[in-house]
Amino acid sequence: MKHLKLENGTSYDGSQIQPMWAFKQFGIKDSSIVSWIGPMEIRSDELIDYEDVGIEIKGGEMINFIIEHFDVQPADMRLCYHRQRLFVTIVKDILDNHGIKTRRDGDDLYVEKGDKDGKLSVSIATCSVSSMKIHFALNLTERGTPDDVETAGLLECGSVLKRENIPDVADEVCSNYIKEISSIESDITKTRVF
Amino acid sequence: MKHLKLENGTSYDGSQIQPMWAFKQFGIKDSSIVSWIGPMEIRSDELIDYEDVGIEIKGGEMINFIIEHFDVQPADMRLCYHRQRLFVTIVKDILDNHGIKTRRDGDDLYVEKGDKDGKLSVSIATCSVSSMKIHFALNLTERGTPDDVETAGLLECGSVLKRENIPDVADEVCSNYIKEISSIESDITKTRVF
Amino acid sequence: MKHLKLENGTSYDGSQIQPMWAFKQFGIKDSSIVSWIGPMEIRSDELIDYEDVGIEIKGGEMINFIIEHFDVQPADMRLCYHRQRLFVTIVKDILDNHGIKTRRDGDDLYVEKGDKDGKLSVSIATCSVSSMKIHFALNLTERGTPDDVETAGLLECGSVLKRENIPDVADEVCSNYIKEISSIESDITKTRVF
Amino acid sequence: MKHLKLENGTSYDGSQIQPMWAFKQFGIKDSSIVSWIGPMEIRSDELIDYEDVGIEIKGGEMINFIIEHFDVQPADMRLCYHRQRLFVTIVKDILDNHGIKTRRDGDDLYVEKGDKDGKLSVSIATCSVSSMKIHFALNLTERGTPDDVETAGLLECGSVLKRENIPDVADEVCSNYIKEISSIESDITKTRVF
Amino acid sequence: MKHLKLENGTSYDGSQIQPMWAFKQFGIKDSSIVSWIGPMEIRSDELIDYEDVGIEIKGGEMINFIIEHFDVQPADMRLCYHRQRLFVTIVKDILDNHGIKTRRDGDDLYVEKGDKDGKLSVSIATCSVSSMKIHFALNLTERGTPDDVETAGLLECGSVLKRENIPDVADEVCSNYIKEISSIESDITKTRVF
Amino acid sequence: MKHLKLENGTSYDGSQIQPMWAFKQFGIKDSSIVSWIGPMEIRSDELIDYEDVGIEIKGGEMINFIIEHFDVQPADMRLCYHRQRLFVTIVKDILDNHGIKTRRDGDDLYVEKGDKDGKLSVSIATCSVSSMKIHFALNLTERGTPDDVETAGLLECGSVLKRENIPDVADEVCSNYIKEISSIESDITKTRVF
């Protein structure tokens, strides 16, 4: 599984959730996690979550992660959502280590904002017959996020995290996720079954 | 998925990891999570982790969780280990909410003990053709744990957690795990696929 | 698994066989069976059975059932067709209990009409990566059915079934199907495997 | 899929439910259904249904069917139980055509006996990693059946079925089951998927 | 699994790789291998291999094979590529028996052409949810092959194979492939598993 | 996937076909291929092929290969036998490159011996719920092979292969097999699916 970092400023428009995007754009012939910082504005025909139909999904500046797994054939939405959840817990732990306490609800992370919870993230998972895809993104700022949702930004809310640390946080997330998947594969090889 | 609480004092000897244990012992005809407080001493013929051969796996007083899933047929070790990891992150978050900061490494939780990390938990996953099983247990005390491992106990190490809260912590873990699995199933039903 | 009854008069045009229809139309976040009485006229671009290309598939008034299963990931056409067959046998048994003797051939039910067999039903199954869908419909009347097929209607052919009983028959079918799938899940949990 | 008829009198002792029995005994290198008439007395170590532990499962003279499927790899208990149910509905229909009205409850067939229901059948399904097995048997007589269960026999209860017709009934069951499975495979090849 | 031979001259334009092509064109309700001799010119919207985007894939006269498997549900790209590789090794062995020594690299066959290797074949595999498809084609001649690839033709390069033997070679390939898949199925039925 | 070479002289007694052997013996936490030269004498309780019951399976000196795959969960006998066949074709090609022409029949290799074919190899595949295993072995000599089978040895029959080249041949086989599996995984990542 490979990690690719894109130039900052790339916009997430939803096309990146399509299967084989990493191969078609960057020639990656492997499972992959691609990360970058940039805005998000999803074209309505690229919506994956049918609950999001008619809703604005956007952000002015976010850390984006696109994961694609080819290891399980045929692709399995159930496993894909388990991996999405694991990914979110890995993000949560790393933010915690950087002094940002969040609450996880399914695939969403929230941070306390006065007496309310600000939504810090968006995420979706999907698959084709041959690959499992996950998108996860964290707001760096509330700027550009939907008006009708209470959101929060990693660099706001009195956070101790600084802009210059964001790339390292993103790398740490990718590295830990790759290690987690790898440790699961490793555990299988030492387990007695019935 | 059902949650069953056993009387305290039941000993975990490894037989509980066998497929269908919850049905054979308690008549549960469903996926289930069974929890109880008691000692652990695994009979060598019940070892699941081949890395544990020749090693003492024991504890004087632990919160034990035994999970069995029948929803995926045939059972899948890969999914089973993903669920185990998710379970451990759920435990970690609940302990955190109770003021106990832990570090997760794969399926193990550690807590700081002076300048060392004390191992707080043991866990294994396995499966037969038709079910996936997970065992996870947290030390309440270092008493009875192996001499050659640096362990820690939930009720020791300056913990704010009190013995009378332990049953609630166990219930919260079970409840959150059941909700997590259920939320994943729910998310599948609203997701566009390619 | 949920059962939803629609208002009578809804027309089956083939769009209902599409994955996630029950979620997109009614917000059902679960496996489901939706039933209603209404006409059927399938738009040619909604045809699922390639054998039906160029054939009229229609009926003036039918009991329609649309089933969607999310329990098996990835979705499996083989299991889906097994469930379709089981569904048809459940319909057959309930009709038999109501005094209507039918003959089953694969996924079709026939009723004796003089010296011929009248086709009483239409059915198809299909799937996407994440869900399995079944459509089954019974003619209440021969009116509006294709001219080139010998059809029969539940309320005709000297049937003892009355129009006012049809909703109960539909409910019984749905209820028994849900029970059947549930009993299978239950049986798995008590079965020794090798 | 092959059909093999054994000599009458073979006793079902539970060993026949083991994977590869048809190959080891008769050299059948295919999915198969084996049928014969004989008594049943299951050795307790051959029990598959954990609900049957401590219960007598026996009959003086039964039509026995043993099915083994290798087409699905790895074997799948869920599909196996769907096939078992389909098999029972096929038996039910054929008995009905021979004038014996039965009631199906899961994998059991019952026949009216005065004001009670007499249990006409026993059945179980199981699997190994590579094959799915089903046993189904119909009492020809109540003789030799357990004392504590209300049973019925095909040749008793005022049945119109005669002993000399039993082999034909068994053959018809096997033939129709093989046709059913084959028709499902055939339907897959003509179905548009999403 | 059925073998169908088409009239020579049929052009491979990429549409034949679509699922259900054999059923829609020829009514084959089974897994199948279809073979014919004809030119190849793939329409760009029918490209399956994303590496081929922007590349000419064509040949003036080729032996074409289109395979579709429905036996595994849901379809599995990994198994499909294993079958493709097996198919290529079968072609390689038959060519070898006819005096044409080739080198296999993945799914490509090469033949020595002076001091270079000439590419003799093209191949791709793909799947939908319900079927696995393989296309493989051998150049009979270099005529009409892309200018920017060093290709070779079966009837050129000093080959001992004659045009009149080509149909027999194609039949032999199909027959051996069908036997191979069948022998694998057969081996499963005699194998002890753990 | 790892390749491990054992000291020559290790005897294959059938225990090596058991799941997790490479982990339990050598601590390999990965899919693996283990190769060595040594005699073979299979203990009857280690027989995997039920056709071999009562038959001597032995050889005085053989190149042994034991493969274990954990990549596919749950393990799949069908894929396992496809990999076995691919493995045998890889051996066949390498022997051919070393001047030894063989004929493959399923998982067996034969070499011409006067007017007869001498069996050069033995092979079996099997699996547990979590791993797929393959054993393949080539006779270096006819010495020690069963009396009732016409066998052949790689270093006999006028072979150009010398004893000192055998380790390189074994390495080449392992290396090419690992590459083949890897190239299949790679091909999946560039393939458009329907």
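Letters A, B, C, D, E and F name the chains as they come in the text, with residue numbers starting at 1 for each one.
Rule of thumb we're sticking to: contacts are C-beta pairs under 8 Å (C-beta built on N, C-alpha and C of every residue); 3 or more make two chains touch, one makes a residue touch a chain.
Keep in mind the model is a prediction, meaning the values are calculated, not measured.
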Legend entry - Pair with more cross-chain C-beta pairs in contact, given B-F and A-F: A-F
Legend entry - Separation of chain A from chain C, taking each centre as the mean of its C-alpha atoms, in whole Å: 40
Inset, instruction - Please report how many Å separate the Cα centroid of chain E from that of chain F, as a whole number. - result: 27
Legend entry - Approximate Å spacing (C-alpha centroids) for the pair chain B, chain E: 51
Legend entry - Per-residue overlap in chain C, given as positions that touch at least 2 other chains: 19-20, 23, 50, 72-74, 76-79, 127-130, 185, 188, 190-194
Legend entry - Touching pairs - complete list by chain label: A-B, A-C, A-E, A-F, B-C, B-D, B-F, C-D, C-E, D-E, D-F, E-F
Legend entry - In the complex with chain D, residue positions of chain E that touch it: 19-20, 23, 28-31, 70-73, 128-131, 185-186, 188-194
Inset, instruction - Note which residues of chain A are touching chain E in the complex, please. - result: 20, 23-24, 73-74, 129-130
Legend entry - Of all residues in chain F, those that touch chain E in their complex: 18-19, 47-51, 72, 76-79, 81-83, 85-86, 89, 92-93, 96, 104, 106-107, 124-128, 180, 183-185, 187-188, 190-194
Inset, instruction - Name, in rising order, each residue of chain A that touches chain C in their complex. - result: 50, 74-79, 127-129
